[in-house]
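These notes are about the structure you will find just below.
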Amino acid sequence: MKKQSLFARDSIYMLIAAIVIFSLRWTLPLLGGYSELATRMLIFSILVLGFDILVGLTGYLSFGHAAFWGIGAYICGYILLHFTQNILVAMILGVLIVSIIAFLLGIITLRRHGIYFAILTLAFAEMFYYLALAPLQKWTGGDNGLTGIKTPQLFGLELSGLAMYIFVGIWTLIALYTARRIKNSPYGLMLRAIKSNEERLTFTGINVFRYKVMAFLISGIFAGLAGTLFAAYETYVPTESLHWTLSGEIVIMSVIGGFGTLIGPMMGAAIVLYLENVLSAITDQWNLILGVIFMSFVIFLPGGVMSLSKQLRRLFSRDQVPANRTESQGGD
Amino acid sequence: MSNQGKKTKTLSRRSFIKTGVAVTGGLMLGNQLGIGPVHWSARAQDYPALGNFPVGDKVVFGFNVPQTGAYSDEGADELRAYELAVEHLNNGGGMLATLMPSSLTGAGILGKEVTFVTGDTQTNPDAARDSARRMIERDGVIMFSGGSSSATAVAQQYLAQEAKVIFMDCLTHSNDTTGKDRQRYGFRHFFNAYMSGQALGPILAERYGTDRRAFHLTADYTWGHTQYESMKQFTEAQGWATEDNIMTPLTTTDFSQYLTPVLNSDADVLVLNHYGGNMINSLTQAVQFGMREREVNGKTMEVVVPLYSRLMAQGAGDNIEGILGTSNWDYKLSDEGSQAFVTSFEAKYGFPPSQAGHTAYVQTLLYADAVERAGTFYPPEVIRALEDYTVSGVGPGAVEYRGCDHQAFHDILVVEGKAPSARDSEYDLLETVKQVPRAEIGYECDFFPGELGPYGDES
Amino acid sequence: MSQPYFKCSDMHAYYGESYILRGVGFKLEQNELLALLGRNGAGKTTTLRSIARAQHPNLRQGEVWLNGEAIHKLPAHKAAQRGISLVPEERKIIPGLTVEENLILAQIAPPRGWPIDRIYELFPRLQERKHQIGTTLSGGEQQMLAVARALARDVALLLLDEPYEGLAPLIVKDIERVLITLKEEGMTIVLVEQNAIGALKIADRCVILEMGEVVFDGDPKDVLDSEELRREYLAL
Amino acid sequence: MALLEVKGLSKSFGGLMAVNNAGLTVEEGRPHSIIGPNGAGKSTFLNMIIGRLKPDKGSVLFSGQSLIGLQPQQINQRGVVRVFQSPAIYPEMTVLENVTVSTLAKRDGTFKFNFLERPLKRKDAVTAAEEALTEVDLIGQQHEEAKNLSYGNKRRLELAMCLAQKPRLLLLDEPTAGMSQSDTIATINLLQKLGKNGEFTKVIIEHDMHVVFTLAEHITVLHQGTVIADGSPDEIKNSEIVQEAYLGGMEE
Amino acid sequence: MSFSQFALQLLTGLQIGAIYVLVALGLTLIFGTLGVANFAHGALYMIGAYFGLVVSSQLGWGWAALLVPLGLFGVGILFDRGLLQFFYKRPVTDQILVTFGLAIIIQELARTIFGGTTKPFPAPQWARIPVDIGFGYYPPWRLVIIAVTIIVVILLFILLRYTKFGLMVRAGMRDPEMVRYLGIDATRLFTIVVGLGAMFAGVAGIMGGPAYSIEPGSGMAMLVPSFLVVVIGGMGSLVGAVIAGLLMGLAVSFSVIFVPAVSQVIIYLVAVIVLIVRPRGLFGVEGIG
């Protein structure tokens, strides 16, 4: 019986997600957006989903996720440009290379915590950025980015517009499903334990480092996947894909959505892209407004949009907080 | 896009959706069922559906300029010029009086009132495309324009080609824009790095002699490379030697570590193939390092900046004094067209426009003129009307929009930074040394490799 | 009615949501040495920290009065300026500072106590090591430095948290001797100690805590004599 | 063969010799206790056994195999499990999740990549966790967030987390610290009951002698980092050295 | 490489490093005392530069030299009281986020007020003509930067080592709680430290402005390398910040001669190598990070 209900709940969750994902292209214009923005939102939501697996679950704040996204995009774009228009080949190779890099970076960076980890990941990502910008410009196109990528194909079908949207939507759904499975699996439990009390976990017989590397790797794969989709969708790869401001933007999206909730960061991505796109057409102060919104979230609503209802409920029922049951205590 | 014959009467699903978006999102479903209003020019049904087309009695332009980031002031000036252009298209005035020949009426375009939407490129190609996409899809723009970096221009040209909406590049100086990355749906009014070298070479020899050794600092990206190549080519043609070149990363703000090697070389000319913030910093710091006072081999060292803009001249302050470079246009030009533009710009905003503003203004007008001449907004027809078309009255001499690579050819300026004492306002920064005639600058169509791509209506 | 020299009453303190002190209160006369005893976790340290106005725990209710002045509304540094001096459990010699710097630091904020020279007279060992980094001293020397640091301030109430912890018996004797000297100098002291017997030996009065409440307040002799008290509350 | 055999263990911090040439032998199934006043080096000693600290010298044999140089998680996986003094739990997770981490660690080893496993499929792990919670009498609160538990219950949760790992050697660090008389008695009763059938051997670190005397069959006394006495509870009770060192100046 | 080339490149490296040092000093001071990773530190640099520009052009350089450090000290106090104090005890992630947010806002405000264009920031008249330093000509302003940095470092050293205030700060960095028990108002002490940190950023701004010119993005551009400097030196270590800053400057300067293409990559490369070999940075204190 329990099995049934859990399965049903899962199905309903995914069904709702599918409805939202596949209707975005038509609902977005009603809100002042445009249909292609929906595709973009979905691609970014895969990116932040991966980011959330690392940061939301394990608590390791990476400031270098642009590296995975950017490398995925460059590899995919390069293959589409020079070798084949087959999107699957380009994506598989892109994700493969990103996962190798993520694995290596994880082994190096995850020995550090907190600020050191953030700076180390940032430093690596910036290294890739500057490499792409000048020393490797023969392949990356330097500042102009990777231009002239041909429209990718899926078994002969040209992927652009609606077809691309559906293709991306399917991947988003797969990504969300996978991320949810990860979060709710024993594996996700371990990741959350890392965030909660890493040392304790070590003394529970767990090789914490391997779990962290794995989380980093999965996170990188998500970001790389999103990057390859981005290159295929844009048929263009800007150097900015590797810049740390993109990593910053991912953080902003996650904070606004709410770390560790999966669906929250996805919403955060949509909100930020919407503001960036729609607001910028109205006022050139959009960046300032976005900054203020971001800071307000950090200060007043650290749980992001996802915690909004909980916060409101708490606000209106402050006196209903159950009295603490204390049987015994330690003082010293 | 569509391979349907010229006589086809059915619209593709895609066009329907676009129309719907252009009207209003809410009507979209209706459109898909074929009941929404579809406004189309008289001959519209004769063409295969592609790109956008105006709906109702209004036509929308998209002005996509940097509103944030390092070039936001330049973007602001472009936007002022665009607004002025729209005003003149709807109500007459400005260059409408000087454009020769002109089909513009001062009552909109093909009887439709011109409106516009704006966007922020952030001088970031990705953001620029994103913003342009919104204009194309949501706002249904018939043409978009703007920009202040070659990377964003190139990125948007590809989008223009894909979406079959005409893009008028604004400020982009890289050879690639109309060279390897040229697109059928992109036109450039601005000159390019190659032309800068052509114009500057002879003047440099004239000023500084033919026995010079040049040290180049070059911004390490496409524009920098092309600028370096052309400066090297045209100074060496005058007998100069090239001592050395250092590629400086694009994000450099402190050039001192690149300037000290110059001090240790035999070079007596320093060429700064830098633009924007790069140029402001490298020039300022070159002056700080005493490059202007330096004596090498009995000659006073000279600094050259191949591409000037007001923005950069303002940023570099007094350091520009006596430094040679090139410019696309200057507000002090005395020809009728330039003056008509400057007068109306100053009347509206209280100060003179920059070359970026001029380019923005002229391109908007020339696009509108082409539509009038073509008699339709249908992009392939408008492109054909622009290609190989020569017009005058928008600046000194005549302007030719070459059909083979969509590069405009017109007189350009060799300029020199003014001494602070010689300036009559904060905008009066550059002195025109020579107006280089169109005939002296140019190259063959196939000099740079590149393909324009299809019009989109080929059967 | 004359006010007692020091008084704390009805203190209720929390660590986060953990309710630690449940109405602790006692009085002290000047020049009294009070032994504050109890099992691990009975709330001894929390009591000292509450009196010293540490940021944690959170004293939600209760009053602390010294010399007729209310302490319980003051921040920690103001309480210290009123003469409350806490020598915490791990002695808290500040890393990176020399012995002398640790003492000078104590004299920056008013009220200034003994001159440093006089302190050195009492602790000649510290004078020998005055340029040594404080944390490199042996445990006993560090404990002396901690006490010395308190003396460098004009202490109205000295709160000592387990000063004997981890020290060799010989050094414990030294510290004991110092405490007796201090008492003779007229200092008022609250001594928290695991080594209950040792503390009781030199104390004038004894308070025993159990589960955050005072369960005994009286003569140390009574505790020493009562097997039952010792077994029940002190686990001896 | 002794279950745990520690010989000549030493560790110094800076100039301070925290543990000096200390050793002990724990026989399988025989509750053992390490006592000593605060600061005697008990925690350091313990931390070296579980791999948290690296000893300067000495040997630690568990079932005849050396633990020196092993990672903490490897030591743990061999069955040496420590109950921490200040409850080390995962505060943001529920009580059941806290314990499930342990049962999963027992089931899956140091690392297993099994993200595709459905939550309901880890029934075995959950059942084991619930069993452990039942043993410590926390079963009614398994869905509460651990940080909301009372102090005593947090310590019980910690105990459950360790029991769930089915240890061979359970090291308890001051299990009754911070507890009232009645709680202490309850805890002692609980500890007496646990492992009675020889599933695991208890090593209890305490400064409270009464707890030790009721729970342990063998006692090692640590003072100033060295072992000053080792023997049965009665021997320890009557040892003069212990009286003097441990009880300070009992002799007037 | 000739001697003069080497010497000039060395001097340039020191000068680049000097600015890093100035920014990093404040950053590491704030981290060391408060444990706060201040991602708004670049913004403070930018405020210093713009403020210096306005004051020097309106009132002259004398006033700028006086008002900018004072003004930035005030900004630091406001920054601490208005925002940072609420984040002392929050996780480092939250601190990074909130200061990062503030940096974005300050940058955008600067753009609104001063425009996005790079502004010329002329050095004082006397510092504009390059001087002969034996092995070549060098801009005096850059020599001033080196000199000021040396003076600031020495003053800070004296302040921390030989004054009572310094004693309090050093104590507060290691054990703020005990400092409170000694009657010292640690909270006010920390506020002053943040003020000092901001002041150093301001000095860096007014030094770096004329050398590099300024635009709203200058702050963010300065933030990342100076954070690397702090991390390489060891978070909270002042000596580390000085050494690492100079190391970075030299790395950048000399990489230009050998491999110009990697001159931007080099600082990240150095950072990565140092952190892999010495995870706590060159002079990192055990227990931090």
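Labels for the chains are A, B, C, D and E, by order of writing; each one numbers its residues from 1.
We adopt the following convention: a contact is a pair of C-beta atoms (placed from the backbone, for glycine too) under 8 Å apart; a residue touches a chain by one contact, two chains touch by 3 or more.
Worth saying up front: this structure is predicted, and the values here are computed from it rather than measured.
In summary, the chains found to touch both chain A and chain C are D, E.
The minimal number of chain-to-chain contact steps leading from chain D to chain E is 2.
Chain centre most remote from that of chain A: C (centre = mean of CA atoms). Annotation: A-D is the more contact-rich of the chain pairs A-D and A-E, by number of C-beta pairs in contact. In terms of the distance between Cα centroids, chain E is separated most widely from D. Chain centres here are Cα means. That of chain B falls 75 Å from that of chain D. Centre-to-centre, using mean CA coordinates, chain B is 39 Å away from chain E. In whole angstrom, the spacing between the mean C-alpha positions of chain C and chain D is 32.
Among the residues of chain D, those in touch with two or more other chains are 148, 150-151, 177-180. Across the assembly, chain A contributes 130, 133-134, 287, 324, 326, 328-332 as residues in contact with two or more other chains. Shown for chain C are the residues that touch two or more other chains, namely 17-18, 40-41, 211.
Of all the residues in chain E, the ones that touch chain B in their complex are 2, 4-5, 8-9, 11-13, 15-16, 108, 111, 115-120, 122-123, 128-130, 136-139, 141-142, 211-213, 215, 217-218, 221, 252-253, 256-257, 260-261, 263-264. Considering their complex, residues 52, 54-55, 75-77, 80-81, 85-86, 88, 92, 94-97, 101, 104-106, 108-110, 149, 153 of chain C touch chain E.
The part of chain E that touches chain C in the complex is made up of residues 164, 167-168, 170-171, 173-175, 177-187. Those residues of chain A that touch chain B in the complex are listed here as 26, 29-30, 32-37, 40, 130, 133-134, 137, 141-145, 147-148, 151, 160-161, 234-236, 238-241, 276-278, 280-281, 284, 286-287. Residue ranges of chain A in contact with chain D, taken from their complex: 2-3, 6, 178, 181-182, 184-190, 192-193, 195-197, 199-208, 210-211, 214, 218, 324-332.
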